[in-house]
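Lettered A, B, C, D, E and F in written order, each chain numbered from 1.
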């Protein structure tokens, strides 16, 4: 059974990946959301990390650049998540230039305003992390 | 002056790239659209190809996977362009599996319907090109 | 003539409903917007409340949960309106858990970022109203 | 009372405008939709035509070009309505070139795919009406 | 452990629900997609059905009306999924009138074109199933 | 060669237009973005201003009202750009009433929340500029 099709172990794989990328995330989500939506934190770890990001076939850096592209094109409504994914992309070796190039390219699909807004979000992340442009 | 900032030569670079990827494209666009919108075909070659896709800093395959991600998340309204970019991604060495993985990942950002619709578009391209999944 | 097709009385019905749900709303809208867009306040009362929300056929709670679903999936751009509709849903008897469940379900159609952003808006409303989750 | 704020007479004004632009529209809508949604046809005449398009302050041609701009940027999902508004714009004196220019400009806000899809819709209308580009 | 937080058994619950609503769905998805995206069919059963639709707290009919609302507001790009959810809503007891009312209400959030397009999709489903409007 | 098809001189025309409407813009963009995305400032001047706004066929005021319509319908994610275009529309002679009418009309295509959010942005611009409504 391939990892992707093993519905039991996706939680374990997702947990390992989420703790590596974002330590303490599930606990933080549980504290904020689970009283309202029981199981939300576990669902995110299991689904987003275990069933999608932990899949084989494409490296993590390309997955994150693709995510940044999509969130840019979708527009500023996903700004917090865009910043998280930009930080994650930096953490797996993407450079500020690569991230910025992908965002800039999205002008073609999401228009200039969406591009500029995403680039502003990226600059905030680069500044927060002291990454030279 | 870096290639990206040389507004004179972006047309020449865009023309070379568009003819390599999609021979005859500018002529086809000119025949269909330029009587109505003078210069449309040249603008697409100059802007989309010359000022964006021909830039340095990110390889063409990653650029195309990022585009596929964005068009998937934006939804089925960009189906014709999604199919063109899937074909282009195949032509620069992306595999059907890589393309499909990136589309599948977009479930997290565009939802299940957008993902399934994009995967159906990809399957059409793979079938048209006789590419085994 | 059914209420829905009586274009004269939709204003009266809309006024009664809007005052019940949100006392003083038309006056507030008139003060802020009507100098610029004559009739805006009356149009909102007549159209949104009189011609849509006051219709028969579906109870108000289901209408409001459907609205919350749509605004969640549309993304954070409608955050102020999302909060107003969450407050209205509470006022007609929806529980925080029901509202949160509907928002959580929208992960499937609007993606995880849209869901989390909407849930954060809901938590703000619940906190402002002192509603225990 | 200004026309825009007179909720009784917006139906009459909307009816006059809709019959001028699109004779028989309310009857066609009634036959198709009102059994399912009582009053839908009257609501469209009263609201869309009476409370919005029949307002003073901006001429009809500019209103229609603005609508074409919005529907282009929103993407192909509104193709049938885009075609109707392009036909209406022609009927109030907009030229194919003006319509095409406005669509082309939307590249900046909706991206190239949205622009090309809208231009294709416009060409269909121009061809159906035998309007030379 | 509440059902929603038990990542092992969501597949079983999702399988039971998906087979009840749409017999043979997982097999059909597996045959079409899993060679390309290993585990896609299982992920849909586990996630969409097991981790979202099978949750407690809101009845299935309200969940489906909320989904119809969201897909209407998101626009025609999700037409195939809209039709599936309309059929599902009928199967759990929603009437054509209730479904149509929810769609009509979305005029307020997604605009008239999105509403009309969704209502046309609903009429197709009602006609296919011989359900009198 | 028509202006629109002369890829060499679009930069010069775009520069003249952008300096007239927004003095110092290219320098400001260069200072903020070009280290990260070489050539971004020049691309915006050349493309947005030179290849789109400086085209013949539609007057600048209509172009700006069309842009305001599109940004309204696209929703609050483009608020900064909406405000810039509202200011530009004022500067070429559009009145607050005309701008507000176009925004109000977008209720029909983007829904009430998008309209109200855009009108709030417009009021901010009118207040900043001391323009009486």
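Just so we're on the same page, a residue touches a chain if its C-beta (ideal position, glycine included) is under 8 Å from a C-beta of that chain, and two chains touch if they have at least 3 such contacts.
In this text the structure is predicted, and so the values were computed from the model without any measurement.
Enquirer: Could you run down the chains that neighbour subunit B and subunit D together?
Expert: Both subunit B and subunit D are touched by A, C, E, F, going by the contact rule given at the top.
Enquirer: Count the residue numbers both subunit C and subunit D use at their shared interface, divide by all numbers used there, and answer same if that is over half, different if under half.
Expert: Same: most residue numbers at the subunit C-subunit D interface appear in both copies.
Enquirer: With residue numbers as the basis of comparison, which of the pairs D-F, B-D or A-E duplicates the interface of A-F in over half of its contact pairs?
Expert: Looking at which residue pairs coincide with A-F, the repeat is B-D.
Enquirer: Compare the CA centroid of subunit D with every other chain's and tell me the farthest one.
Expert: Centroid comparison gives A as the farthest chain from subunit D.
Enquirer: As a test of understanding: of all chains, whose mean C-alpha position lies farthest from that of subunit F?
Expert: E
Enquirer: Between subunit B and subunit C, tell me the centre distance in angstrom, where each centre is the average of that chain's C-alpha atoms.
Expert: 40
Enquirer: Using Cα averages as centroids, what's the distance between subunit A and subunit C in whole Å?
Expert: Distance between chain centres: 31 Å.
Enquirer: Quick one: subunit A and subunit B, Cα centre-to-centre, how many Å?
Expert: Each chain's C-alpha centroid was found; their separation is 23 Å.
Enquirer: What are the residues of subunit C that contact at least two other chains?
Expert: 37, 47-48, 71, 73-78, 81, 97, 101, 104, 107-110, 112-113 - these are the residues of subunit C that touch more than one other chain.
Enquirer: Take each protein chain as a node, join two nodes whenever their chains touch, and name the resulting shape: line, ring, star, complete or other.
Expert: Chain contacts: complete, every pair touches.
Enquirer: Under the stated contact criterion, what part of subunit B meets subunit A in this complex?
Expert: Checking each residue of subunit B against subunit A gives 47-48, 52-53, 55, 57-58, 62-63, 65-74, 78, 81, 97-98, 101-102, 104-110.
Enquirer: For the complex, which residues does subunit E have touching subunit A?
Expert: Those in contact with subunit A are residues 2, 4-8, 10-11, 34, 37-39, 42-43, 46-47, 51.
Enquirer: Sort out for me which residues of subunit F touch subunit E in the complex.
Expert: Per the stated touch rule, the residues are 73, 107-113.
Enquirer: Would you mind writing out the residues of subunit C in touch with subunit F in their complex?
Expert: 32-33, 35-37, 40, 44, 48, 71, 74-81
Enquirer: Quick one: in the complex, what on subunit B touches subunit E?
Expert: Within the complex, subunit B contacts subunit E at residues 75-77, 96-97, 100-101, 103-104, 112-114, 116-117, 119, 122-123, 126, 133.
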